[in-house]
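The structure appears right after this line, and notes come after that.
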Amino acid sequence: MSQTKANIEVLPRSVQLLLVLGLLALAAFPYVGTDFYLQTVTRMMILAIFAMSLDLLQGVTGLVSLGHAAYFGLAGYALAFLMPQNEAASLWLTLPLAVLASALAALVIGFFVVRTHGIYFIMVTMAFAQMVFYLFFDNHALGGSDGLYVNFKPSATLLGVQLFDLDNKTTFYYFTLGALLLVYGFLRRLLWSPFGRALAGIRINEHRMRAMGFATFGYKLSAFTLAGALAGLAGFLWGVQTGYINPELMGFHMSAHAVMMVILGGMGNFAGAIVGAFTFEYVLEVFKDLPQIGSINLGKHWQLWIGLFIVLVVLFAPRGLLGLTQRVVQGRGGPDV
Amino acid sequence: MEFVIQLLNSIQYGLLLFLLASGLTLIFGIMGVVNLAHGSFYMLGAYLAYALTGLFGSLTLAIIGGAVLAVAFGWVLEWLLFRHFYERDHLDHVLLTFGLIYIFEELRSMLWGDDVHSVAIPDLLSASIPLTDNLSYPVYRLFISGVCIALAIGLYLLIAKTRLGMKIRAGAFNRGMTEALGVNIKLIHAIVFALGVALAAMAGMIAAPIASVYPNMGSQVLIMCFVVVVIGGIGSVRGALIAALLVGLVDTFGKVLLPSMSGMLVYLLMAAVLLFKPEGLFKQ
Amino acid sequence: MFEALLSARQLTKRFGGLAAVNEVSLDLWRDRIHAVIGPNGAGKSTLTNLLSGDLPPSSGQLTLCGIDITGWPAEQISRQGLGRSYQKTNIFLPFTVADNIQLAALSREAQQPWNPLRWLQQATQSSAANARASRALELSGLKDRRFLAAAALSHGEQRQLEIAMTLATEPEVLLLDEPLAGMGAAEAQRMIELLLQLKQDHAMLLVEHDMDAVFALADHLTVMVNGQVIASDTPAAIRANPHVQSAYLGEETA
């Protein structure tokens, strides 16, 4: 699928300002928010990492994956398997291994999936993710439909010294924020690397890339694997936070969630993925908390509202929220380039 | 004899998948729209069968009524939403149909609740054909296969032998030219879309008595549909048929011969096909 | 020096029962422009696709700088030293002119997409690629327009960018598919001058319909009709060839 639409890759001033303000707000939040909201915002940050990992694949490289949650959930399962019953395993062991597990799965599945194009790619990513889902769902040894518990938070002890305590919700909040910043910084840098430019080229015109001498299969597979690894990082954090992993984390709805977050924010610059994740989660919470009017419990029917919201987004803001800000700020009404 | 039963089961399951997949591949082949809500149409059919059988007291009447309603529903949906998306890219289709999945799930929940329902097999078809002293095969399953075959033949005749079919094929091949020749392409698209919806709904309706009616049935069957289309090749109805029968065979015999791996076998089949034919066995 | 840089022997491409290219042989030499002409449907584009690796041949042999490249994929042939421009402009429309050429220049770096170091370097930091890119930018004459999006260029400028991208990969052999397509007189003249300038360092294949340009540029002409070569000779000899006149030039004037 060649996309001739340009992504917003250079962030306009307004967006840069928004990001800085957002960072300040996130850094200050633990001092003003309640415990409950602390957990909510932590979860949003984890989903933002998940969304950014998909943005690398979908926004930058143009590969629309409906099975990205498989790598999210797999890392969570890796954590659950690595965590003993009666003491905490080391963070420095579990984190790399969990991410590696997701990366390996992405490499293997990617080998099959990356040779397809367009709508086939969409369908096979979904199919392979379902395969992974059923692998865990049907097998009691892997936890089955009930899932697995992560009994402890990983220990951050290094050389006998406890560096920090992930059991502390605020500490975990800042750990996640740190991960979010690291991933964002890494991906922004990658976007302007030779690798990143090649991925963007593949999105826009893969045929010409091959004619110019780029072995595009290798690039796409590398992007797929890296995106899987980063999704694994997010899944690991999710497992640490919730302490519970089940197959639904690898399912179609989770993958669809990721796709929507990325599109909602605006693709291809990673800032959109963060904005999209926070916005989508926030809107979801709002819909679920809608009050009862008369005899109708509006909140119960949140799926209807979110569905309508999504349809409205695709009708009126298909380039996402950042696309809207660009139009508003620069007053552009010209053709899409 | 056990083998014959499993074989018949494979064929019946395969034909049902084919019915579904042909709707999906038709809509994508002709209008270029990837429709993730296709499973929702299957679910709609099943729930219509449940609701209308309760209303009319007869599955046959329910199927007829359901088919009419499905066509009307497809027509309205195309007119209201889908026709604005033919020029858009796949990602927009994905997003739109995601939204629709949520909407349809909730509407279903509001109209018919979240319980599992069953639909009774009509008396006429509730017998079993004896195969041996203690093995027999349900007539209804043969009925399902029969209906699928009839619809498949009807679809083939429509596309290959009628003037409407010719216009449909021309419109898929070269929209501008077909329009210039005076064919009302908007009407063609509406008809094709309604047909696709109806095929999915029909599959849901006739399968309802044996597959029962429950939430989320749409997404489960959608994946299988995708696997069939990937193996067969998008846009190829013949490919969908052969792939569907293959999937039916692998899935059914897989459950019998390798039960611990049965869920994975179909995907392994798909992976094998992808290694050699990433665009399906019968790519157009 | 006397060895052909690109050699095709009995190249054939069949689609079903139809041979779009039938037993075509040709050589490309450094310092020579070899033009291929023929009526529409003669198989010229298919031949170009066979030479660049965009299509695999049904039979026949292809050699580049002495290496057998028959059946190689396009990306491999490109890295071996062949560059090709397209008849239908095949650029990266949303990117700027500079980014288009930069990307082409980057293709010559060691690839290694799995190497994390390649993820952390910046694309603009490779001096070798930058040198390649600025050379191509100069030659193409688009230096003043380099910060414009490619989609904002005029058709003629896009054709110039098309060539520039091919040049940025520093090929030894150039395959140019209708570089003058859709150009006005002034733009065409500039393109002809550029092609003459490039002749010195490259072996060039030129597929063109513009007969004035062909006879001004070509050192050697191959005429194709219905997938086959009906004549291959110097321009003067081709002009005098009665078969060519009736099969092609005759049709043109009719």
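Per-chain numbering from 1; labels A, B and C assigned in written order.
Here is the rule we use: a residue touches a chain if its C-beta (ideal position, glycine included) is under 8 Å from a C-beta of that chain, and two chains touch if they have at least 3 such contacts.
Given the structure is predicted, the values throughout are model-derived calculations rather than measurements.
Once CA atoms are averaged chain by chain and compared with the all-protein CA average, the nearest chain turns out to be A. Farthest chain from chain B, judged by C-alpha centroids: C. Centre-to-centre separation of chain A and chain B, using mean CA positions: 32 Å. Centre-to-centre separation of chain A and chain C, using mean CA positions: 43 Å. As a whole-number value, the distance joining the C-alpha centres of chain B and chain C reads 48 Å. Against chain A, in their complex, chain C makes its touches with residues 52, 54, 73-76, 78-79, 84, 86, 90-95, 99, 102-104, 106-109, 111, 113-114, 118-124, 126, 149, 151-152, 165, 169.
Residue ranges of chain A in contact with chain B, taken from their complex: 1, 3, 58, 64, 66, 112-113, 115-120, 122-124, 126-128, 130-131, 134-135, 138, 252, 256, 259-260, 263, 301, 303-304, 306-311, 313-315, 318.
Against chain A, in their complex, chain B makes its touches with residues 28, 34, 36, 81, 84, 88-92, 94-96, 98-107, 109-110, 219, 223, 226-227, 229-230, 234, 263-264, 267, 270-271, 274-275, 278-280.
Residues of chain A that touch chain C in their complex: 4-7, 186, 189-190, 192-198, 200-201, 204-205, 207-208, 210-216, 218-219, 221-223, 225-226, 337.
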